[in-house]
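Consider the two complexes below, in which subunit A is the common component and subunit B and subunit C are the respective partners.
So, the complex of A and B:
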């Protein structure tokens, strides 16, 4: 595909009719969380857009973010978006490695200086540059060098956006986020562990369509996806409002789909699109599948207290230092915590245990 | 083990139907069309099915085959269309309710007509 070709020309050449293109634009608008009235604007913009060069650098990451993005099959909107960008360097996806691959990166940087999009996943170690290197170049040096000519940087995943799991206590590698190191470029934080695939491609699509970065919140995350908390969009909210909570996994409340607040749900303090956009092409999300939200799109979520204790209960540390025992509000907090534990104990006692025999019986026709 | 799902948990079905009612009124009065993206709203499991069941099926059921299948169905309310977009793996790309005389996607597009004309001319030459 030639670099001078517009997106519209490229799609037409692939045999996609105008109808197909309009369907693509409608799906893209939905993906970018834009109102359907924007479809003609998107159509006009995408038709004349040129393919931007994208350099993707992977640092201290588990590859979950790349996996999240590439788990789409056949021609999907995500796939098409990806095809229409010129992915000039992706350490994990590309077959090349070593000096030839690095040469390709340098060439892409030089040819598109000031115009390429830099995508980063994984955190950057600052303790010892040797902790994470590519072709002998430390993550830190590669980031600083590649950032120089970038038009914008997309930090994909909580590791690149906020430090993520490598930064979790005790942070053995001195891991930091992209925005801790780069201060002179616009940075879009697409946090989540991993982020929802359409959110990643939605940001790229926005850049393709408008040539600008989307509106960001105070953590640098696109407002379209991170503007509302999980709690405010959760379909189980009516149960929270009525005080109907699951006390343990698979008790009566859990079976009825009641609120998971007492089981540690971080929904009230987590901003992401999971409750509306959902996962696996809109199939479900953790709460709908019966598991409390982990808060994976927030900074420091690994160290924010147990995943399975309600956010209103004090953490172990606070109780031990006795700071929390001062003040009426604190006493109420501790009392609530105690109430929670008593209810939990009662629920566990009345819980019907399922044995292997029961499961075996269920299997028989 | 039965998982019970409450009926109408988000209670968004009725407000959506009212929104459609308003849009139909606008369509009649000023010919202004409206499109609602179903995936932009929180709907509990079962609520989307309830909404689509309420809207029902009308006289038109069209299948589109471009970048994967799409279904364009006129509901039992004339002018209210349900447009469902899938890719070739039957994964959902978009779900819309369009209030209009005819969804844009059902129209033959000028660029495609031009291509067709050229092909026909070449064939008959």
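So, the complex of A and C:
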């Protein structure tokens, strides 16, 4: 595959029909909430786009994000677009190893300085640099060096976007997110554990079409995909509104597909596109298969209490606290009451009755 | 402290602190009131004090015609926001879940749209009673800092709850944390202010009714 080949040429060579390509463009436009008139613009831009150089850095991660993106049911147009980008460095997927791999990264950085897209998955340890190294280079140094020439950075997965599980309490490696370290480049957070494949291709398509990064929410995530909560787009929402809940995983409510809020669903506080794009070629998403949402695309979701307790319930034994408080209150109340009574009694005992004479006395000057 | 950490704090230690202050404070104040006792009535009883007391607890729940005519606004707005508070607090599914978790008892919930509308009506009623309090010269003269404080801590959970339900502004964990925090503020303020009337009204009604019942007259 030549470096000068356009995306359109590459897709046609791989047997993608014009019809299939336009369908992808239309789907991308609608998912990014763009008007239908933008479809030809996207098509034209993607058609003539030179394959962008992508450098993919994997730090403290589990490769689940790469698995999610590369194992989407082939051959999808998303997958092929992903294949046709010039993935110049990805140490899990590339054939080269050791110094040859590092040389590939250096070459890509030099040739496309200021233009390449940097994709990062995994968090970066700030404790001992030796916690995670690649070819003897610490994650921190490699990120800072590669970020310098990047046009934009895509933080893929919750670890890169927010710190994820390596950052979970007690955070032994001092893990931080990309945006904690890089402040002078546009960063797009594509969070999720793992993130939805179509979200990253959508972000790439947007970048190729408009040359800009998409509109982001306050967590740096593309609004088009993270603009609504799982709860708002959930097909079980009517049951929540009616107050119909599954109480256990195998009761009548669960079998009838009622709301999973009581089983700890984090849908109301989680922003992602699972409920609409779904997983495995649109087959289903966790709630559809009967499991509450874990909230994996939100910062600190590992430390946000049990996955199986609703967000509005206490984390401590409040009934016990209340019982002890009643006991302590009773003791204190009786003691204070007794003191009040003693005061009352003393007041009665020391009370001096006023006689007519006393009143007569007061009249005199 | 991040929003998630704040949420964990208000669901855990924060709620514990508020529960201790609320329960301990209420129990102490009830016992103090009861232990003050009443003077022995040496007159012969003409009726049952207990029956009169219990009856009055119930009968005083409805306004008498005179009061309703004289201060229609106070009665209507007062009933509206008290019923609204009851409905939003006890008939909203996530709240029932909380009571279920703590006390092990639950009951059916109202649809969220009904709760939503009730919350709006309750907030409007509370704003109206504040406006009335500020506008009416006599009420304004009688009002002290505590009256405005209890109004504030009462409307705050409704406002934060409404904002959290519609997710306006902050991220959802932050909004829920603020909502729970506002309820904890209410719990902490409760035993030391006029909010205690939610408990003491029953004792006051009983005393009044018992006095009248002993004399054999209507309370």
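Everything below uses one rule, namely that the second predicted complex is superposed on the first by the 287 of 365 C-alpha atoms of A that agree within 3 Å, B and C clash if a C-alpha of one lies under 4 Å from a C-alpha of the other, contacts with A are read in each partner's own complex, and residues count from 1 in each chain.
One rule holds for everything that comes next: a contact is a pair of C-beta atoms (placed from the backbone, for glycine too) under 8 Å apart; a residue touches a chain by one contact, two chains touch by 3 or more.
Nothing here was measured: the structure is a model prediction, and the numbers come from that model.
> Could you say whether A:122 touches subunit B, subunit C, both of them, or neither, answering first, second, both or neither?
Neither partner.
> Counting only touches as set out at the top, which of subunit B and subunit C does A:276 meet: first, second, both, neither?
In the superposition, A:276 contacts subunit B only.
> Give one of first, second, both or neither to describe whether A:194 is in contact with subunit B, with subunit C, with both, or with none.
In the superposed model, A:194 contacts neither subunit B nor subunit C.
> In the superposed arrangement, does A:242 touch subunit B (first), subunit C (second), both or neither?
A:242: touches subunit C, not subunit B.
> Can A:312 be said to touch subunit B (first), subunit C (second), both, or neither?
After superposing on A, A:312 lies in contact with subunit C but is clear of subunit B.
> Mind working out whether A:20 is in touch with subunit B, subunit C, both or neither, as first, second, both or neither?
First partner only, subunit B.
> If I apply the document's touch criterion, which positions on subunit A are contacted by subunit B in one structure and by subunit C in the other?
In the superposed arrangement, which is not itself an observed complex, subunit A uses no residue for both subunit B and subunit C.
> Spell out the part of subunit B that touches subunit A in their complex, as residue ranges.
1-6, 9-11, 35-37, 39-45, 47, 64, 66-68, 70, 83, 85, 87-89, 91-96, 104-105, 109-112, 115
> If you look only at subunit A, which of its residues touch subunit C in the complex?
Touch list, subunit A to subunit C: 218-219, 229, 240-243, 245, 261-262, 268-270, 298-301, 303-305, 310-316, 318-319, 321-322, 324-326, 328-330, 332-334, 336-338, 340-341, 344.
> Can you tell me which positions in subunit A touch subunit B when the two form their complex?
For subunit A paired with subunit B, touching residues are 16-20, 22-24, 26-27, 29-30, 33, 35-37, 39, 72-77, 80, 233-238, 250, 255-257, 275-277, 281-282, 288.
> Can you tell me which positions in subunit C touch subunit A when the two form their complex?
Result: residues 2, 4-5, 7-8, 11-13, 15-16, 19-20, 22-32, 34-37, 93-95, 97-98, 101-104, 108-113, 167, 171-173, 176, 180 of subunit C touch subunit A.
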